[in-house]
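Shared between the two complexes below is subunit A, which has subunit B as its partner in the first and subunit C in the second.
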Partner chain A sequence: MTRAGKNSRGVVERSLASFVDALEHAFYAEELAKKNGLLQKLDPRVKIVAILPLIVIAALARRLWVIAVLFALAVAIALLSSVPLGTLARRVWLGVLTFTGFISFPALFLTPGPAISSLPLLGWTVTAQGLRAAIYLIMRAETAATFSVLLVLCTPWSNVLKALRVLRLPVVLVVVLGMTYRYIFLLLRNAHDMFTSRKSRIVGRLDGPEQRRAATASVGVLMSKTIQLSGDVYLAMRSRGFQGEVYVLDEFRTNWFDWAMLALFITVAFLAFWFGR
Partner chain B sequence: MTVPIFEARDVTYSYREVTALDGLNLTIMPGQRIVLLGANGSGKSTLLSMLDGLCFPEKGSVAFQGEPLAEDRLIGEVEFAFRRRVALVFQNPDVQLFNPTVFDEVAFGPLQLHWPKEQVRLRVTEILEQMEIGHLKDRSPHHLSTGEKKRVALASVLILDPEVLLLDEPTAALDPKSESQMIDFLVSCSGGRKTVVTATHDLDLVEDIADYCHIFRRGRIVAAGTPTEILNDHALLLNTNLVHAHRHAHAPGELHSHPHRHGHRH
Partner chain C sequence: MHIPDGYLSPSTCALLYGTAIPFWYTAFARVKRLMNTRLVPLLAVASAFCFVIMMFNVPLPGGTTGHAVGVGAATVVLGPWASMLSVSIALLIQAVFFGDGGITTFGANSFNMAIVGSLVAHFTYRAVAGRTAVTSSRRVIAAALAGYTAINVAALLTAFELGIQPLFFKDASGAPLYAPYALHIAIPAMMLGHLTFAGLAELFVAGGVVAYLQRTNPALLGQRSAAGAKEDASPAAASGWKTTRPLWIRLALLMLLTPLGILAAGTAWGEWEAKDFSDAQMRRQITAASGQVAPPSEQPRGLARLSSLWSAPFPKYAPPFVHHPAFGYVMSAMFGCGLILGFFLFMGWMIGKRGSVDSGTSP
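And then the complex of A and B:
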C-alpha cells in the first residue's frame, strides 16, 4: 500500500493516508512485541500483575518525587525492552501532554493561592497551587500512560487479552476483542482498496458536498460488507462446533525469571505506595 | 446395504428472490470423491453449506447417513457428533480464520468439542508440522498469504480427522505451487478413507481429484458421470459455462477462437 502524496487534499486522500498509518502502527507494534527485550521475555500474566499496580500507584501518589521516580523507571524499562524513546514521545508523551495540558490549563489561574507569575497581554495570574496541580496531573497521566503503552507494545495483543483472564476477564470478552483485532485489519484493507479504486477514477478535485457523499457512500458499503462478513464468520464458527460458549487455550509458562521480576515489581510498587501516600 | 453418507431429495433453497437450489437430487456414498462442477452462482456453495448443516432446505430434505439433517434436530450432543464427522473449508479463508493467531485457529474446533486441553496442544502441534506450517504458529491471519491461509483453514478442520470433507473452491486464488500442494492433498484422500466433496469450476482438477462429477446449472444438477465422460462432453461443458471460446494462437500469426479448456501434459 502507498501513502497519499504530501500535498494531497480531500477526504479520499486523507482517508487513504489514515488507513496506511493505522496499519503501519499496528505492524510496528507487532514487530516490537517480537524483540528480545526485558518485557518481551516476561510471561504476559506476570506483566499484567506487575504493571497494573504501578499504573494505579502513579495515578494516586501524593508526592511528586515518587511519580518522577516511577516515570524514570518506566523510561528505564522501555530502554531495556528495546522500545525507542522517540516512539514513546510520539505515541504517548506528546499526546498526553497536549490533552492533559489543555484540561489543566484553567487550573493554573483558577486555583486559589499566591501568585507566581502572570500571562503577558491577558494578565491572568498563575498561582503556585494551580501550577502544582497541573504538574501533578500531567506527571500522573504521563507515567500511567507510559506503563500502559509499554505493556501493550511489548506483548502481542492476543496475549494481552488472554493474560487479562488472570483478572477474571470473561472468556467471551477475550474472544470478542480478539476477533475485533483480527478483523480490523481486513476492514482497513477493504476500505483502503475501495478508496484507492475511487481515487483511480476521479479526475480533478471533488467539492465539499461531493466529498461528503463519497464518504457516506463508502461508510454504507463497508457497513454492508461488514454485516455480510459477520454472518459468514458466525457460520464458520458453527461449522466447527461453536454453540454459544467459547473456550480458549493459552500457552503461557512461567519460569524463575518471571517470578524474580514479579517480586521486584511488587517491591517497587509497595515502596512507591509507602512513600507516596 | 451401505447407507448413503448424504442424500438430498427435491431440495429447494432461495436467497430472497434468487433461487439457489431448485429441486435438486443427489446421493453421495461413503468414501467417494465427488466434484460439484458449475459456473459461479450455480448453487454449489449453497449445497455445501446445506450438507454442513449451516442452512436448511425450504422444500425437500437432506439426510446424513439416513438421519434427517434438520434445524430442530441438529442441536446439543447431536450437533457435536455431526461436527466431529463433517467439516467444511470455506471458499474465503478470511471467513474461516477468525482467531488472532494460527495456533488459536487450529485449536478452536477441538476446544469447542471439549477435547482435553493437553490433547489439544499436542494435536495442534502435530497437525501444524504435518501441514508444514509450524513456523506460522504465532502469526496473525492478516500476515499470511492466500496459500498459507488456505493451508491453515484446512489444518483447522483436519485436526478433527473428519469422515467427510467439504471443500469450496479449494484452489481459487492460489499460486501454482500452493495449488499443487492442495491437489496433492486431495489426491491423498483417495482410497475410501474419507468422503470428499469439492465444489469448483476448474476442470483441470477433475481428473486428479474426482471419482464422480455432478454438473450444476441454475440450482439443478443437469448431468453426472465419471470425469472422463464429463470432460469429453464438449457440448455439455459449453452449455454450462465451464468452457469458453477465446482468441488464442496455435501458431504464430494464426489467431482464432473455439471452445476449449486448458489442460496439462504428461
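And then the complex of A and C:
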C-alpha cells in the first residue's frame, strides 16, 4: 500500500496519474466492448453464468495442469474476442506476476520439504513444495484475473450490471452500482480539476506536512461535495417523479448461439472441476 | 490488503461471504429505514467517493506515499452502516472493473475492510470522542485513531485468513494450495507494514478530514443523523443492542474459541463409538482415561444396537462433502450456533404470538 518516492514525482502528480489511469481504463474497456468478437456477441447474462464458475474452479483445482489448461482457455477466449495479448500482458499478467511473484518468492525457501536446488551465493535451499506452492499461487491469480478482466473488457459496464440480476441481486443494488459508476467519473473529474488547479499554483516543492495537509484537505472538499451532490441528485430524481421504486429495463434476448456457448462453457467448467479434484 | 483471487480457498471465501451477508442486509435495512427515498443517491455518491479516495496518494513521513481505504473518514461522516455499504460497493467496483482484489475474495475483502473496519472505526471514534463538541480537537485525535485502529484490525484479519490457508489446504505432496505462509509469518509480515506505514495513511486521512471539516463545514460532522446512524447518541438503544449485548459478546467469544477444539488431542471421556472397543489403541486410551480400569473386551450390545438407529447429518462434526475435518469442525460450530439461535428466535416468536393472542382475547 505504500510506495517509496522521495525522488520521484510529487504527490499531486501521482494522484493525477492514478485518476487518468482509471479514466483511460474505462474508455479502453468501452472501446473493446464495441468490437466484434466471441465474448462481445454473447448475452451478458450468459457471460456471467459461464465465466464465474471458471474463476471459482481455477481457485478450486488441486492439479497444476488443470489450472494451466484453464489459463490456456482464457488466452484462447481473449484471442477469439479480439483482445490484444499485448494489452492483457501489460494490464494484467505483468502486474499479477510482479505482485504475486514478490509475495510467493520467500515461499520457495520457507516451505518445508525436500530440497531440489540452492541459490548460488546465499546457499538458501529451494524446496519442491515451495516451488509448487509458488506456482499454484501465481497460476491461480493469473488465470482468475484474466477471466475477470475478459468478462469486463468485453461487456459495456451498464450491461454487466443489468446482467448481475441473473445472480438474484436486488434491483436497487444494481441501480446503486450503476449510479456509483457514473458518479465515480464525476468525482474523478472533480478531483482531477482540484489537483490540476493546485499544481498550477505550486512553484517548487511542498514539504511533507504541507503535502499531507493538501491531500487531506482535498479529501475533505470532496467529502463536502459528495454530500451536497447526493442531495442535488436526490432532488433531481424527485423532480422527475422518483418515489423510491427503481426499475431496470431488461432488453436482453438470448439466441441459439448463447445457449450453445453456455453449454460448452459449463461442460468445460465441469470437466475442469472433475479433473482438478 | 485487497486479497486477489487464488489466495484464499473457495471454502474460506464462501464462509466469509456468508459472514458478510447478514451485515450487508442489516446495514441496508437500517440505512433504508433512515434515508427512505434518499437511499439510492446517497449510497451511489458515497460509494463513488470511497472509490475515488482510495486513489489518493497520501504523503507519509520518510518520503513514502500510501493509499488509504478511507474507512475511518467514511465512518465518521456517514456512520458505520452507510460506510459499510459504501466501502463494500467501492470494493466491488474495484474488484470487478479494475481487477484490484478478487471476485471470489470480495466477501473476505469487504468483511475485513468495510464491515469490521467500519465497526472498529465507529466504536473507537465514539470511545475517544465521547460527548465532546463537534469542533473539539479531541475529535480529530479520535478520528485519526479510529482510522488507524480500523485498518490495523482489518490487516490482522487479512493476515489471519491468509495464515490459516496452509494449515488446512495442501495438495498430495504437502505443498500449500493457496497463500503459502503460516500464521507465524503472515501476521508479522502484514502487521509490520500496517502498524508503521499503511496505518499512517489512514490516520492522516481520517484525522485530516475531520480537522478540515471542523474548519469549513462542521455541520457535516453532525450529519450522521441524516447520512448514517439516525441518532448517534444512542444507536445502541435503537437496535436493541444494549439489552442483548452481553449475550452477543459471549456468543461471539464462544464462536471465536471454536478452533480450540481442533487442537484438543484424544477422544472425550464417555464419547466412544461401538467400534472403539475392538481397536487396540483406543482400548489403551480408554483404560488410561478411566483410572486404569480396562473396558469390556467386547462392545456392549446395547450400544451397538442403539448406535445404528440415528446417523448424524454432520458425522464427526464434518459434513460429508467437506474433505477437511478441521474446516468442517468450524462449519459445524457455526451451523450449530445458527440452529440454536434459530430455535430460540422461533420460540420467542411463538411466545410473543401467544402473548398477543392472550392479550387480545382478554376482556
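One rule holds in what follows: the second predicted complex is superposed on the first by the 263 of 277 C-alpha atoms of A that agree within 3 Å, B and C clash if a C-alpha of one lies under 4 Å from a C-alpha of the other, contacts with A are read in each partner's own complex, and residues count from 1 in each chain.
Following the convention adopted for this analysis, contacts are C-beta pairs under 8 Å (C-beta built on N, C-alpha and C of every residue); 3 or more make two chains touch, one makes a residue touch a chain.
This one's a predicted model, so the numbers in the text were calculated from it and none came from an experiment.
Enquirer: First (subunit B), second (subunit C), both or neither: which does A:M179 touch?
Expert: It touches subunit B and subunit C both.
Enquirer: What is the contact status of A:S218 with respect to subunit B (first) and subunit C (second): first, second, both, or neither?
Expert: Only subunit C; A:S218 stays clear of subunit B.
Enquirer: In the overlaid three-chain picture, which partner chain does A:V66 touch, first (subunit B) or second (subunit C), both, or neither?
Expert: neither
Enquirer: Going by the touch definition up top, name the partner, subunit B or subunit C, that contacts more of subunit A.
Expert: The larger set of subunit A residues in touch belongs to C.
Enquirer: Touch test for A:L54: subunit B only (first), subunit C only (second), both, or neither?
Expert: neither
Enquirer: For A:L137, decide between first (touching subunit B), second (touching subunit C), both and neither.
Expert: Touch partner of A:L137: subunit C, not subunit B.
Enquirer: Based on the superposed arrangement, let me know which partner A:Q129 touches: subunit B (first), subunit C (second), both, or neither?
Expert: second
Enquirer: Please work out whether A:L38 is in contact with subunit B alone, subunit C alone, both, or neither, and reply first, second, both or neither.
Expert: Touch status of A:L38: no partner.
Enquirer: If you stack the two complexes on chain A, which partner ends up touching A:L229: first (subunit B), second (subunit C), both, or neither?
Expert: both
Enquirer: Going by the contact rule set out at the top, does A:A163 touch subunit B (first), subunit C (second), both, or neither?
Expert: neither
Enquirer: For subunit A, what residues appear in both contact lists, the one with subunit B and the one with subunit C?
Expert: Looking at subunit A, the two contact sets intersect at 157, 179, 181-183, 186, 229, 233, 237-238, 242-243, 246.
Enquirer: If you look only at subunit C, which of its residues touch subunit A in the complex?
Expert: Contact set of subunit C toward subunit A: 1, 4-10, 13, 36-49, 51-53, 55-61, 63-67, 70, 73, 77, 89-90, 92-93, 95-99, 102-104, 166, 171-181, 185, 193-194, 197-198, 201, 204-205, 207-209, 211-213, 216-217, 220, 223, 227.
Enquirer: Under the stated contact criterion, what part of subunit A meets subunit C in this complex?
Expert: 1-6, 11, 14-15, 18-19, 22, 25-26, 29, 52, 55-56, 58-60, 62-63, 92, 95-96, 99-100, 104, 106-107, 110-113, 128-134, 136-137, 139-141, 143-145, 148-149, 152, 157, 160, 172, 175-177, 179-184, 186-188, 191, 208, 211-213, 215-224, 226-227, 229-231, 233-234, 237-238, 242-244, 246
Enquirer: Okay, in this complex, where on subunit A does subunit B touch?
Expert: Subunit A reaches subunit B through residues 30, 156-158, 161, 178-179, 181-183, 185-186, 189, 229, 232-233, 235-243, 246-249, 251.
Enquirer: Enumerate the contact residues on subunit B facing subunit A in the complex.
Expert: So the residues of subunit B in touch with subunit A come to 49, 52, 54, 76, 79-80, 83-84, 87-88, 90, 92, 94-101, 103-104, 107-109, 111-114, 117, 120-121, 138, 140-143, 156-157, 160.
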